Structure formats: structure tokens, C-alpha cells
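In what follows, structures are represented as C-alpha cells.
Both of the next two complexes hold chain A, though its partner changes from chain B to chain C.
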Partner chain A sequence: MPVAQRWRSAILSLIILAVLLGAWQAATRSEEGTAVVDPAYAALVGKAAASGGKTPFPGPGEVGAELWRHLEDPFYDRGPNDKGLGLQLAYSISRVLAGFLCAALVAIPLGFMIGMSPTLYQAFDPFIQVLKPISPLAWMPLALYTIKDANSSAMFVIFICSVWPMLINTAFGVGAVRQDWLNVARTLEVPRLRTARQVILPAAAPTIMTGMRISVGIAWLVIVAAEMLIGGTGIGYFVWNEWNNLSIANIICAILFIGLIGMALDLLLARAARLVSYRE
Partner chain B sequence: MSLFRNPFDAQSRLACGCGRHASQAEHDLAQRHEAEALQARAVESAVMRALFPQDALRRAFLRAVGSGTAMAAVSALFPLGAAKEAFAQSPGALEKTRLKVGFIPITCATPIIMAHPMGFYAKQGLDVTVDKAAGWALIRDKALAGEYDAAHMLSPMPLAISMGVGTGSAVPWTMPAVENINGQAITLSIKHKDRRDPKSWKGMKFAVPFDYSMHNYLLRYYLAEHGLDPDTDVQIRAVPPPEMVANLRADNIDGFLAPDPVNQRAVYDGVGYIHTLSKALWDGHPCCAFAASKEFVTRMPNTYQALLKAIVEATAYAHSPANRKEIAAAIAAPNYLNQPATVVEQVLTGTFADGLGKVIKEPARIDFDPMPWQSFAVWILTQMKRWGQIKGEVDYQKVAREVFLATDALRLMKEAGYPVPAQPDKTFSVMGKLFDPARPEAYLASFKIRRA
Partner chain C sequence: MSRPFLEVHGLAKHYAGRDGGPSAPVFENVGFGIERGEFICVIGHSGCGKTTILNILAGIDTPSAGTIIMDGREVDGPSLERGVVFQAHALLPWMTALQNVEFGVRSRWPAYGPRKVREHSARYLEMVGLAHALDRKPAELSGGMKQRVGIARAFAIQPKMLLLDEPFGALDALTRGTIQDELLAIVRKTAQTVFMITHDVDEAILLADRILLMSTGPHARIAETVAVDLPRSRTRASLHHEARYYDIRNHLVDFLVDKAAKKEAAPS
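Let's look at the complex of A and B:
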């Protein structure tokens, strides 16, 4: 009964959500302070500080109100330092896509070359192994120093972090094409380039797509941190700016959207991967 | 007027703002010619008015000899050409009107920020974008990379950049104006509300905004005066101002000497209390500065002058206590400081909650005075040397003179109607100890706790 099962899991999801929200609400209920201060002082400080406490963590209601405010007008633009959440997300997505596409343009052809020639594979391997584990953010000061442009530096960081999974997966996928198929192509005297295009590419495509999917996930993780460093625009900057304002409610909204966009990017590539998959 | 042009007309061009020119460049050129012609006409009128106090006489003269002859005759008497040139030079054509100025969201940057919403830049014909930067290292790197034309910096930073301290190589940097004086405070976590004696602060963790900051030097000075060695008895780390309250709340640090609105924000959220204002340490100390590269100053002298004029005028406006409320409302917006308006207002008006239940009135909590006294620079250099940031011989006066551009500020302050100081330098005392800028080495040697 797949339909009934789907309903059951949907209801269970809703119950989990309700429990989480309830726990959140219970945990953040502000306890009233007892200290009494004069009203002139109370007018100058926050509500919690006036009664001797600290400003509490925002509850679900507060976050919901902020969320509604962002959803109502996501694309406003009031100067360079105050833009709507939708615009900020658009900036981040455009940076990720630019860096990611550049990386794909470099990694896939290079991966093809490396995968088709064991000599090249051996030659490149030490470099890839050393460069791959470097945290992309460690590149940031270097990028800022040499590129001298904050925006391009952020894209460079995205590029450098998304290039490795794609490169390695492409090389692996190309190298792992079944020898039988290549032998058949050779028997039929198919030219080398045509072999690459019509035999190797379709055979390696699922592995390449997996690499791209990993890459875009990492790129989306990194952009938030990179933008917190460079400032200006983007969802990372939004988080930093709201941290500056100690507005935890806004930060939670941003976290929610970061998660949703990350999920959408992953789903998109999963769909694309399904298009190129095949059964042996 | 482009507004009244029919955009659906195939004949009309919409390339420039006024619609009369094929491109924006052509439009600008024509505008410049127009401005020059207007200036020349203004000079001619002034001369004619001086020659003929009565207008009837002037008209009679012109009718009698004709305008061409009159002009030739006047030119023979008076060097009209030279006068026109001299006049054209004083305001000068701006080399660049679209500028980007970086700032850190703290009240020290008030003049730089408020000049944008309150139109001080626009008044000088500048189209300035004020760009919020995420930290001092970033603002320095963006300024060094040329992404910013000018920037808000801590006043020790131009000195450090000029000497190549903390950067790859020395780049000549200038500091034509101080932003604010006073306006900092030592804030401690609310859990230390009974530990008011600095002698009991051994083992605490403090934050300052940056290694090359007045905050760092003042905090070290304050601790050392109370017998604590800032390098061994306590821990001092650099934390960007926006992250300070979050760190204080998380108990990562015990306190900080920070710019506002950070101190007031800690009070607002019930996280900390204001132990002492920096004013109590050194009344009238400089803090943040308006800084630009030497290259910008020499390559675009007119733009630099206009920008500095806007800053000095904004500073003069902020100097008056009557304007502070209006300024607080203008700069508290998300685009600028992104803080509750009451926090910024308490900082600027000096009537504030101290975090311990008292309302304190201290109108001089923060003040705005653009004068980059060279003795400030000399004091900063002594402290940089005291804590081992610079080593060896320092030509105090030369570095101070080259970086702190006192003369430009003086002239513009006079124009902005500031009370102008009579002597070019001044002495001051820090925590009751007199500083003589003429004898920096002796001053340095007089401290018991020092690294050099």
C-alpha cells in the first residue's frame, strides 16, 4: 500500500515538526527577571535587560514573524548594504553557478584526459592529492591578495572547491569504462575522438554527474562562509550583517533558506543524473 | 530633459541623462564646457561690477563702445584671462565623481556614514557608495587593492601601512582627518559586576577590535598602569566589533575595550556593563580615521579635496550636540549600522544606561573633531614601539608629518566654520601622565612594563 504508507510518513513528519517546534517554544520561554529598575533606565535597554536578564533566544513565533516579513518583500533594494533576502540568495546562487561552471569547464575535459591515459593519471595524482584536502577558505587571503577583487575571489574559492570532486570522478568514470566496450569500438575501427564521444562519455556520465552533485553541494556550503568573509552581498553577508545586529531570528530564517536552496540544487542535479543513467 | 522626451520617438536619443547628447561621455564633456563658460561669465560679471558700481553707467558705456571693444579695453586694464583661470582652479574639475568608501559599522564612522544619507557627499558633487566591510583586515586589503577610494580606518592603521607593519610591503598612506575623539569604553561581562578593581583582573580574556588600534594601546596602557602585564597576566585577542557581544555572551571573553555601539549593545541585551569610558583614560583621544592612499591624494587632488571637505563638514555637523539625535536616526538603519535606534542615540547623546541600573549623563562620551594632531601619531608610535610592534629607530616626527595631514584638515576646518587651533601641535596627558611629543624616547623609557 504505497499510498497509505506515503500518508503515514507525511503525518509522522508533521508530528516530528510539531514536537520540535513545541520543544523550541518551551526551551525559549523567557523567565521574567525579578530585579526592579526605574523606568528611565528600562526605556534605554532591551526588554529582558530591564528586568535584570539577558535577551533570550527567539522563539518560533518571533522567527515566524521575521520569516513572513522576508517572504512578503524578498526583493527590495535599499542601497548597497540593505537588500532583500531573495536578492541576497540570488547573488549567492549566481556566484556559486559561475564558480561551478568554470570548474566544470576545467575539470571535465582534464578529467577525461587523465582518465584515458594512465601515465597522465600517475603524473597528476600527487598534485590532486595535495590540493584536494585544502579547505577552500584557506585560499581566500591568497585570492584576495592576488586577484584584488572580493567578488572574483569568492568565485575563485568556489571554483577551487568544486574542481576536485568533478576531476576525480570524471577521471575515475572514464578510467573504469568496461574494456569490452572499448574493444568492440576498436574492432569496429571507430576513431579515437568518436570513441570518446559515443562510448566513453555515455558510459562515464553517471559517475561524472555524481562528481558534479558532490561539487555543487560543497560549493553551496562554502559560499556562505566565503561571503561572511568578504562582505558586500550574498546570503553569507546577510548572516554576518544580522549577527552584527545580534538578530538570531533573522539568522534562523537565513539558515532555513540556505537549507532549502541547497536541497533544490541537489535535487536538480539528481534529476540530471537520472537522465544519463543506464542499466547494464 | 529626458523626463519630457518621448521614449517612443525614433528620432530622439536616450543615451544621456538630458537626452541632448549621443552618449554619456559627450554629455559630461558638454557639461564641463558649460560649467567652464559659466565660471568665465561669473568672473567677467564680477570684474565689470567692480569697474562700474552703477549698472546704468555700465550699460551706457557698453552702448557707446560696443561689447567687443569694451571687453578688449577691460582686458587691457585687468588680466581677465588670468583671473578666469585662477577662479576655475579653486573649485577644480573632479577627476572622478563615483567613489567607493569602506566603513565598519560602528559609531566612530558616523561622519563617513551620515555624509551619505544626509547629502554631504552630494553637496560636493560626489556620488559616493558607502560600503560596509566585514573587518579591519578586509578593509585594509580592499583599500590596498584599490577597491575602495578611501576608507574608514583605525588611526594607527595608516601609520602601520605606511611603515609596512602587518602588511606585505610599505605603501604610503595618509590620514587627512580624524573621525571621532573619545567614544570607546571598557565593557565587562555582567558576571564580573563586583570586580571593578583592575588589579583583580589577572587571568581574564579581553578583546580589542584590531592589533593596530587605539583600543589595543589604551587597554594595554590601562592594565599596565594598574600593574598588570598585558602580555602575560591577561589574554588580549583581536575580535571584529560585531562579534564581540556574541562572544561576551558565550563567555568566550570576559570583557573588551571596544568602539560603540558594541558597548551599549552589550548593555541593551543585558550581557555586560560599562566599566569605564575611554574618556576617563585620555580625554580627547583619537580613535578612528578617514584614510586614503597617497596615490589617491596626489593623482586626484580635486576629488580628494572635495571628499575631505564633505567629511570635515559632516564632522562639524556631528560635533554639535543639537544634531546628534537626528544623526542617530539616520545612521541606525539596516543599510548602515543596523542597530536599534535607541542604542545609537544613547551613544551619541551621552545619556545612557550603564548596565548596572544607573542612567549616566556624559555629553562628551563621544565627540567629533577632524584635527589629526601630529602628537597623536607620535603617541601611537611610542605605544607601537612599547609593545614590540615596531622595532629599532623610529623617526617619529617624520612619519607623523607624512601620514597625519594636519595642514589640509586645518584649512578645511576653517572653511567649515570650526574653531581652529592656534598652535600646530598640542600636548595631552594619558591617565594623569603628561606626554611631550618632542621627547618620545624619554616618554617610552619612563614605563616600567614594556617590551622595547
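Let's look at the complex of A and C:
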């Protein structure tokens, strides 16, 4: 039965895709304009402008062709304003990973300490509550002013947006370790460090992983906006650059890839979460 | 007269009341002694502080008053000299049965190599009949098997005293009977000193040398000590054929029912 069900959902997914593509195709059929201008002028400015029509929104066919062009050669580099989509995505992914890993290195040990000590928890809480809701992009000017390097500033923005979910989840997970398990370690006179490593860490690991998953999701959302601001390289810059070129097909390709990479990052962390999960 | 192996004097526990001052004590003036190799059961209604007393003996809770002396030394914290079997087995779910036992063994004998730790731990799991389930996680074990792992973990550190907090409370009657027999056999073989909480009268008569009856809280105390003067060779099968069995059983049940009745009659 589950196999049959999987087939049914797969077919349904394909139908939804077909309907969406069909609707897209129908909506973007370019209409012929009626304005008549001088044939010589029309030859000069192009058919659409000459007939009074607007630049048409690209249909699925055009976007598909553009997509194919990107897939054929994703890593070319022809100067600062013409780099392959794959290359741009690689820049963005490397920034996200760098910022995310730095955040993990800070947030997990700090969260551990906060989670183990109610005093520290209460001392840090007001700071976390105030800093957490700040849009990470608001830090951008401060980062640019102090770090003076666009690339590092983008990583800092990723760092600052990834740090909170991991910090809060780690502190919560560590603080919520079942008293029973801690009592077992205490009655067995297990040293504190071994208790932290063998009881608290594995007990809190699923919660910590959830925090990491939320963080990487937010980081991937923020990197696009951050790169639009810093410019130069990255998928966010690519989107903005193509907007300036008015190449809607390229923007749609980029959007598609942003979604796919985001999904892959989430899937990766979901896998990792399964490794540390346990059944009671 | 020599002093008993474990002495408890004037133990009391009260929690902070709503107005900040101490509220009525859960229990007070609790005192008893346990001889080496003795099996003691505590029976009482819930809320009389049995588990708190056990936790204080284990060193994971502190009394408001009173002292505990074990083997000439005051008890003021957790120690490997007292093994604890917890009410809800409290196995670490990310470790296998063997790793759960090894967790304590490594702490008891830090000088042991990994091989020695493994052999020692496996031997205790075999003792409770789990030789075939060494590498299973707690989630893959039945309730009875989990509690067996808990018992093996407590025995494996070879404590001077074993503390059991209603270890069979969550088990079905058949499993409970089997594990009671196993526990009894191991305790007899190792001459282990045991302090156990139960709410099952038959369990107490089967296992204990002496039964401490606690009155209901607040102001709970040990109302009575009943010596179980049945032959130590008694088993679950022979227990109800013992002449004295029904006398003791009636006495215990009367105590529990009377106290309950009195509590209901008294305005609270």
C-alpha cells in the first residue's frame, strides 16, 4: 500500500508541475502590439518596442533554454560581471558555511554553559532577547565600518543570524536533560567532564541539531539579501545584477537554484540529526 | 553492642512553605539501623517521603535534619559504595545495555582497560539473563529487561549497599515475579545489603528480613518495624504455604488500611 501511495503522490506532483507550467505558459504569451511605426525605426529598436508591447515576461521555454545554458557551463568566469551560476552559488555556500561554522563554535559551547547554570542563563537572557529579533542586515553597516571588508562583513552577518537559534536550542536542550539521567551519573560518581560528554551532550544533541537546522535555513535566506548589498560575487549579487540587465529568465533560474540548494542544506542537517537521535 | 552497618538518626525533610518559612515536615524523626547483609523493605502510602529517604541515602537529596552513618562514615553525597536502581529504570537511551553497565564500571575502576570493563559488565548482564541482549538499545528491550539492565548496572559496581526504589512497580505481575526471584537469588549469593521501597505487601514479605512501616505524611515517621520470621529459603512458590505468612500479611494490610482510614477521617 505505501508503494502505491508513493506512486500516486508522485503522479500528482507531476500533474501539479504540469498545471503550473501550463498556467505560466498561458500567462506569458506575448501579445502583438498595434502601434505602427516607421519600418526602419522598428528594425532598429526591435519588434517588441516597435509594436508598443512591453518586454515580455519569459515563458517556461525561454527559462528552460536559459537553465540549460547555465547547466552546460556552470563554472565559467569571464570577469566580475559575468560568472557562471555554479560559481556564484559556490561563493554563497562558502560564505554561509564559514559564518555558520563560526556561529556553531561560539553558540554550542556558550549554550552548554548557559544551559548548565541557571545563574548564567538569567544573566545572558536579556541580551539574547534583545539581540535575537534584530534583522541581521541591520548589522551590515557596523560590520562594514569595523571589518572594512565586504566578504568578511557578509560572513559576519551570517554569523550573527545563525548564532541565536543554536545558542537558544543548545541552552534549552542542556537545561532540559532529564534529572534521572543526571542522578545516574551522580550516584555512579562519574566526573563532571565525562557526564557532560556522555550524558548531557547526547541527551541534548537532537535539540542542538534542530537549532543548527533552523540556523542554516535562516543563513541561506539572509545570504541573498546580504550579497545584494555587498555586491561583487555570490548568488544574491547575481540576482541583483540580472535585474539591472533586465534578464528575468536568469533571475528565475537563480531563484530555482536558491531553492534547491536551501533544500539540500536542510536535508543534509536532517540526515545528521537522524544520526544523533535516540528513542526512549 | 556493635553499631549497625547503616545508622539513620532523626532524619527529617521539609520544603519551603508558601510564606517562605518551612512548611510541615514530610517526615521527621526517622531513625533505623540496617545490619550488613540485611534486606530491608519500606512500605508506606505515597506522599510519606519514602523516595525522599532513599534519595537522601543515595546522596542525591539532602535532609533538613538528621544524620546517616554508613560503615562508620557519614553519608553526605553520592557514592559508588551505594548502588541505586531507579523507579523508572533511568537507562541512558543512546547507549546499549552493555554500555549502560560499562558507564558505571568505568567510573568504579578507572584503571580497568576497555577489555576488562567489557568483560566485567557483560558478566553482570549475563547474571540477570541478558547475555543475548548486550548490544540492544533500551528502546529495543521490554520493560522487564530494562529493569534487569538497571539491576545489573547497580550490582556491577559491587556497592556495599543497594538502594531500590520501587524497581518492579511498572512491570506486569508475571515479569515482576520472575525478576523478584532473580533478585532474591543474586542478593543471597552476594550477601548484599539492600534497602528497598515497595508498595507491594507480598513482595516485601518475600524479599525482606525486616519491613519498615511508614505512617502517612505530613509528619510521617517509621511507625513500626516488622521482622519477617520466615525461613530465608522461602520462594514465591512456597511463600503462601508458610504458617506465619498470613499473620504477617494481615498485620501489614491492617496497618496500611487503618492508616488510610484514619487519614480520611481526620480533617486536613
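Note that in this section the second predicted complex is superposed on the first by the 277 of 280 C-alpha atoms of A that agree within 3 Å, B and C clash if a C-alpha of one lies under 4 Å from a C-alpha of the other, contacts with A are read in each partner's own complex, and residues count from 1 in each chain.
Keep in mind that, in the parts below, a residue touches a chain if its C-beta (ideal position, glycine included) is under 8 Å from a C-beta of that chain, and two chains touch if they have at least 3 such contacts.
Worth saying up front: this structure is predicted, and the values here are computed from it rather than measured.
For the composite obtained by superposing both complexes on chain A, the positions of chain B and chain C are free of clash and fit together. Once the two complexes are overlaid on the shared chain, A:D180 sits against chain C while remaining clear of chain B.
Looking at the superposed arrangement, the partner reaching more residues of chain A, out of chain B and chain C, is B.
In the superposed pair of complexes, A:V190 makes contact with chain C only, with no contact to chain B.
After overlaying the two complexes on the shared chain, residue contacts for A:W240 are found with chain B alone; chain C is out of touch.
Between the C-alpha centres of chain B and chain C, as seen from that of chain A in the superposed arrangement, lies an angle of 150 degrees, given as a multiple of 10. Look at A:P202: by the touch rule set out above, it reaches chain C but stays clear of chain B. Shared-chain residue A:Y278: touches chain C; no touch with chain B. By the touch criterion stated above, A:D77 is placed in contact with neither chain B nor chain C. Minimum Cα separation between chain B and chain C in the superposed model: 50 Å. On the side of chain A, the complex with chain B involves touching residues 35, 37-38, 40-41, 43-46, 48-49, 52-55, 78-82, 144-145, 148-150, 228-232, 237, 240-246. On chain A, the positions that touch chain C within their shared complex are 178, 180-181, 183-184, 186-191, 194, 198-199, 202-203, 278-280.
Every residue of chain C that touches chain A in the complex is listed here, in rising order: 58-60, 78-80, 82-84, 86, 88, 90, 92-94, 103-104, 107-108, 137-139, 157.
Every residue of chain B that touches chain A in the complex is listed here, in rising order: 105, 129-134, 138, 141-142, 145-147, 168, 190, 242-243, 245-246, 249, 265, 267-271, 333-336, 338-340, 342, 346, 351-353, 355, 357-359.
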